[in-house]
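The structures come next, written out as structure tokens.
First chain A sits with chain B, and in the next complex the same chain sits with chain C.
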Partner chain A sequence: MTEYEHYEAVVVGCGPGGAAAAARLADHGVETLVLERGTEAGSKNVSGGLIYAEESAPYTIDDLFEGFREEAGERPVTDYHIHNIAENSVKTYDLSDLHEDDTDWCDAVLRRKMDSWLERRVHEKTSETGGGVLTNVRVNGLLRDGGEIVGVTCDELDPIKADLIVGADGVNSELARDAGLMDWEEPDEWFQGVKAVVDMEPDVIDDRFDIEPDEGAAHLFSGDLFEDVRGGGFLYTNEDSLSIGTVFHLDSLVEQEAEPHELLDALLTHPLLAQWVRDDYHEREYAAKLVPDSKKVAHEEPYRDRLVLVGDAAGQMQAQGPIIKGMNHAVTAGALAADAFVVTRGNTDSEAVGRRYAQMLEKSGTMDKLRPRRYEISRTLGERDAVTNVVERVLESPVGSVAIGNPIANRLLKRAYNSPFLVSMLPDTKTGYVTLPSIIGEEHGRSIHWENEIEPPTLEERIGDLTYDTDIGNPHIELRDESVEASGAAVHACPVSAEDFGGGCYRSETVATNGSEETLVSLDTQPCIECGTCAVVADTDWEHPRGGKGVEYREG
Partner chain B sequence: MVEGSMRSIVLTKGVPDFSEGAVSFDEDGHLERGKTPTVMNPNDGFAVRAALQTKVRHGGHVSGMSMGPPGYADVLKEAMGSVYTDDSYLLSDRELAASDTWATAITLSAGLEKYQEEVGEIDLVFAGFKSADGETGQTGPQTAWAMDWPIVTHVLALDIDPDERTLRAKRLVEGDRDEIETVEAPLPCFVVTDPEFQPTYRKASHRLTHKRLRAETEERAADHDDHLTTWSQEDLNLDPDYIGLDGSPTIVSSVDPIPKAPSEREATMVDPDEETEMSEVLEEMQPYAAGAGD
Partner chain C sequence: MTELDPDDHTVDELTEKLETIDDVEELRGILEAEQAGRDRKTAHEAVHRRLEAIGAEAAGEGDSGGVEEGTETEGEYEETKEDVGEEAEGEEVEAATEDDEETEPDETDEPAEDDGLSHPTRDKKHVRALADGEYADMWVFCETQGGELLEVSKEMLGKARRLMDQFADDYGDEERVVAFLMGDDCEGLAEECITYGADIAVYHDDERLERFLHKPYTEISSHMARGEGTVESTDWRDYDKPRYILFPATNNGRDLSAKVQAELDSGLASDCSDLFIEENEVSNPVKTGEPGVKKTFEKVLHMKRPDFSGFEYSTILCLDNPGREFHPQGASIIPGSFDPIERDPDRDGLVIEHDMELEEDWFRVEITEYDQLEAGIDLTGHEVIVCLGRGIADDPTGGMELGLDLVDAFADAELGITRGIVTSSYQFEGHVEEYSKEERQIGETGQVVAPNLYVAAGVSGAVQHKVGMDESDTIVAINTDTDARIRDFSDYFVEGDLFAVLPRLTDAVESGEIELEAVADGSGGERDD
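Let's turn to the complex of A and B:
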């Protein structure tokens, strides 16, 4: 084999998972090279996002990065509510108990600011080991020697060998796919998150949310405002902006042929939002990304040879009822992978590190959070349509609604929402996301009549406001099958495409073929925001753009 | 890090900043040098990239060198910011004012000689390709000639073998886009880069070095004066008859106020590969070269 450059450890991706792995490796004195495809860490990343420091977690981000909260975060969450909505009727529950369960602290973050701060710290630490962070480098595959994974190949660099390869490349991990550990086939294994970052002066935030400058608010929204699409909305306060977004089950988006940007607009224009945002609405950034559902895809053995996967790449993204925990688990997993490498260093069996890492995930209780055993049981119940239908019919009947509507039920429901145990059992059916919240809203809610003055930008304006460095003539996604059956879902589900919108990525076009008319799907990757949706819902050859190319998020 | 043994010089010059809003002309259409800020010749940027690539790949020391008024220190500082030079040498003297390319070449070669005597043996000299103020691109070749070192022009890509003390370059034949040849030359050697020169860093270690150099240089460039050596005409031991305006056989009659248009002046274009033309120039230059040598 040719002489290649060699590093003890190569970490692919500098999000929270990669940053944690690299920092911990460097702390152990391991020569560590970090490769990040963005022009700066964070320029490709999107979260809601609240980063949790769990009391039970073996590692939290501030353990690994001193000063994280002061320098990389926004506001801590001191106020947490969920709103059950049935048209204009809203019932609000305080969700503090669920939020505070096992929580040491929890801060809102914006990913560009957070990840670029982490990148600088990681570069300082890894430089000391003879490595460092390189941005604008996309890893495009695994380097193999006689079938065994021994390193990575990149668009921008010659192949690199390593004793440990940490795949921290996030959702739609090309490394996980190359290793055969993940596929991108089933929409029901993913959520799609969409979000807008909205300008707001700090004192206006304090005033409208009734908080102090060092406090922050979190609001969740569910019910019938998203029609029948399963999922919900969120609003978090940053230092001088708001993060407002939605997270939906991808299979539900596809089934309902829903337009993600319209669902976001449904939240933005709901009367409830008028108390916080007035006609001064100014959107800084529109963003989207897939989110894995750990209950279904968290890999029990996230390794192969010298490759270990951490974070979203391994499906370690926990939807704990309405609370989304991905960043914190990525941090834990990254640090554990580093520790596993150090304790197995020198072992001739290349999979020793992976096995140890999987054990550590199990022993630390992380795996049970990601794939609760009780969910496996309730899932089979919830997904049996017959059972669901019975529950729905009861709920929708006057008797069911009245039962939920009585005062005792009100108390119980609030408690149920705040029970980490119960929320982790909610089946992924319409019942939990739509039916129940809207009945709660209707029966217990009060009507609101605030006038919402928000005028969200059009999709065209949203795309126009984004920064791109287009890799002209080198599209990163290719459509394999242009038929509507194979790829038509992307026209709706792609967050920057829409039926009858010519400026998006996916379009459906009617073409005349010898006499008869046929509808075909076409793709233009220029406006692509690299969310990963069409990798799952359409028939494509899907890769990330080369290093530094494509969309560049300023907020994330 | 292991310090490499390569020692390179980047020759840069200042040019009036012809960008909108910066440039200033008097009533007669003469460029007002005093009112127009000086910036690094944009084409020297290509030389700078090649020098940087050499430093990143092979380590070692890179010095910036320029001839011009004291204000050119800013140009060298700019070079430090972009090529990450280790230090700067400014050849500056009232007597050197208004030199044409020949007188400049003589002065620069005297600077290089002094550098070799006092600082260290040079392996490579990088020069830019024409300057934005209408100079003809002769300074590089003329300085190489005065040093009696080989020169490779129109370089697109560069590979150096420090052990064999040779370089291998891909170059455009006669600056022609369609014809590319690979040449080898012994060190020390002059390299004139083509604007199409593309540095390549395909090793992670090279990119890490590049990043480290950038961080180090930011600090260094902040107090550039500490890294600047100025040599006067006396330091360089140059005969005033052969330098400055007196030593310049080229007379510039007027400069056209339109920045990009060719200047009206009487200059003799000499093809360095044309033997007869070249030897005439060489004869004319003989006394200057001797003056610089001692």
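Let's turn to the complex of A and C:
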């Protein structure tokens, strides 16, 4: 076999998971090379925007990176509410108890700033042990020797061998798929989030959210705002901007043929938003990402040979009702993977590190947060359509509404929302996301008649404002089947495509061939924001663009 | 005999002088003088060796202050940093260029037994290595193709001009930019080199040189650079070899640069993207001749090159060794790295025909056939561009035909298309299919055009399209959608279906008549003109 460059550890991806793994490896004196496909860490990364430090977690990001909160964070969340919406009627609950449960601190973040700061710290640490961070390098697969994973292959560099490979390459992990640990098959295993980062001066934020400069607010939205699409919205305050977004079950988006950017606009233009944003709406960036549903896909054995997966790559994204935690689990997983490597070093079995890592995830309680057993039990009943329909009918009947509508119920509801135990049991049906909140809104809510002056940009303008370095002549996604049946769902589910919009990625076209007409789907990858939605809902060969190419997020 | 002052001598000289001294006291005196003076470790060693030789010291005794074997080799790498990933900060990695295989003239230890492997180049004899040579000027190989200078040749001349102007400011010496080129009938191109910044242009004409050939091109280049040839063709210069030399990092330029620099017995920094001249202080003992001593080299060409496909930059220096000088300091330059200077037909300069016999034997390789690759479609430089967008969706072939009709109606027009068409699944019939390809795409990822008249039919006007055409003088948009973005940057907006509007426009252009009935006075939107 050819002589390849060798490192003790190669970490793929410099988001929070990769950064935590690399930093911890470097702390242990392990020679660690970090490969990041963005032009700078964070330029490819998007999140809703809250990072938690849990009291029960073995590692938090500020344990590993001193000064994280001051340097990389935005505002801490000191104010936490959920709004149940039924048209103009809104019932708001204070969720502080739920939010503060097991929470040491929680900050809003923007990923470009956060991850690029992490990258610099990681480079400092890893270069002391003979490694470093290389950006603009896309790892495109696993290097195998006799069928065993021994390293990684890249678009830009020769293959690199390593004793440990940390796959921290995000939700669309090409390594996880190459290793056969994850797939892109089932829409019901994924959420799709879209987000707008909105300009706002710090003193205006303080004033409109009634907070101090060192405080921040988080608001969640649920109800009939989004018609029958299962999901909700969020608003977080940053230092001088707001992160406003919506997150939906991908299968529900597909079923309802909903346009993600229109759902975001539905939130933005709801009267409730008028209290915070006036006619001075200026959108800095439109972004989207897929979110794995850890309840279903968090891999219980996220390893193969010398490869271990951390963070989104392993499906480690906890989303249960109003609790949305991903980055903190990625940090824990990354650090545990590093520890597992160090304690099993010298073991001749190449999977020893992976086994130890999985044990540590289990023992530290991380896995139980990601895949709660209570959910496993309740969903077997709760997600069957028949059960859903029965519950729906009861709720919509006068009896149901009265039950939820009486004053005692109101107190109980608040307690229920604030109980991590009950929240983790919420089945993922329309009931939890739409019916229940909208009945709550209708029965308990007060009517809001503020005039919303927000004018969201068009999809064309949103795409036009993004920064791309297009890899001309080298599309990273190939449409395998251009029929509507196979790939038509992408036309609306893709956050930068829409029905009757010619400037997006996916477009449906009626084509006349030899007298007969058929509708086909065509693809242009130039506006692609690399969220991975079409990999799940359409028939594609999906890869990331080469290092440094494609979309570059400035906010993230 | 007065006591020897070691400070006056190099270590080599000192070693020689010491051979004549047998007096222990005197030797110790010299050692003390050295310690008080320049305190060179190699000088200490030389004295200790002499003391050993005359039996005043046991072997190894004086080694405490000496240099362990192997330290020198480490010194070789002293300046080499192998940091990865600092490219954001653009941290320089400075490396010594010369290979460490050659034996130092003052190295005292015999190399280990030759195993035939570890020193693959040890038998290499350098033929014309100079010491105390005279060097001047910056030479630029100006590659030509099809009877024209390559763009990169002009870029290098521009950079050389700026570097040597700065050189004159910094050092007060007016050294020249010398263009050298060869080909069949290239005197005119030599004159062209003067207009792009050369002071001297040396050329060699021979019909056999029309195309690049390794052997004759290498021989002629080295012959020129060494100043060989008749008095008439070399009396403009009085140095041994060029101080600096630049080649283009093209396929031919890369070949030539390696061969010429080997022939001139110097080094090469390949594929550079930046150059500057300044002094450099080094402590590498191979370069200083003395461990622990720093030496400043003047007028050093700093050659920056991207490594790891641009993840890291190294700065390559080509520095003389004490007994062997490496000139010209040479680099090959990535095309597009620099800007040419403005062409000035009135610039003064000297054009010199180079004179040498070309041996028949150098032309054993013969080019029997060559092919020029298709250049694709150039949409720039036309008076009119007719661009079609996804408005043709109802009948892509018909729409394309209408667009082509309008193109034909103008004297100098071309057809462009949007990216939306290139990436569509439209089925074009055979006769128009060739117009639906990427080579006609206008926009950010296609061509950028600025014709007098731009007709955009069925084009929505995405930002990516706009950057490819908004420098056009007059923009006419045809669209059914009055909210289409293109309206914001059109001079004239025709609301209508391109299938109806294009034929009428074609008729009007062909007949030179148009019946206009204003349906709107344009007050619906603001216009600049």
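Criterion: the second predicted complex is superposed on the first by the 556 of 556 C-alpha atoms of A that agree within 3 Å, B and C clash if a C-alpha of one lies under 4 Å from a C-alpha of the other, contacts with A are read in each partner's own complex, and residues count from 1 in each chain.
The rule is short, and it goes like this: a contact is a pair of C-beta atoms (placed from the backbone, for glycine too) under 8 Å apart; a residue touches a chain by one contact, two chains touch by 3 or more.
For clarity, every value in this text was computed on a predicted model and none was experimentally measured.
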Joint occupancy of chain A by chain B and chain C, clash or fit: clash
First, second, both or neither for A:A486, with chain B first and chain C second: neither
Touched partner set for A:V343, first chain B, second chain C, both or neither: neither
First, second, both or neither for A:I160, with chain B first and chain C second: first
Which superposed partner A:Y7 touches (first chain B, second chain C, both, neither): first
Partner, of chain C and chain B, that touches more residues belonging to chain A: C
Partner chain in contact with A:G473 - chain B first, chain C second, else both or neither: second
Which of chain B and chain C A:A274 touches, first, second, both or neither: neither
Touching partner for A:V204 - first (chain B), second (chain C), both, neither: neither
Touching both chain B and chain C, residues of chain A: 33, 123, 127, 131-132, 134, 137, 156-157
Footprint of chain B on chain A - complex, ascending: 5, 7, 33, 35, 123, 127, 131-132, 134, 137, 156-158, 160
Residue ranges of chain B in contact with chain A within the complex: 202-205, 207-208, 211-212
Touching residues on chain C, where the partner in the complex is chain A: 83-88, 308-311, 389-390, 393, 395, 419-420, 422-427, 438, 444-445, 460, 462-464, 485
Residues of chain A that touch chain C when the two form their complex: 33-34, 40, 123, 127, 131-137, 156-157, 460, 463-465, 468, 470, 472-473, 482, 502-503, 507, 509-513, 520-524, 526
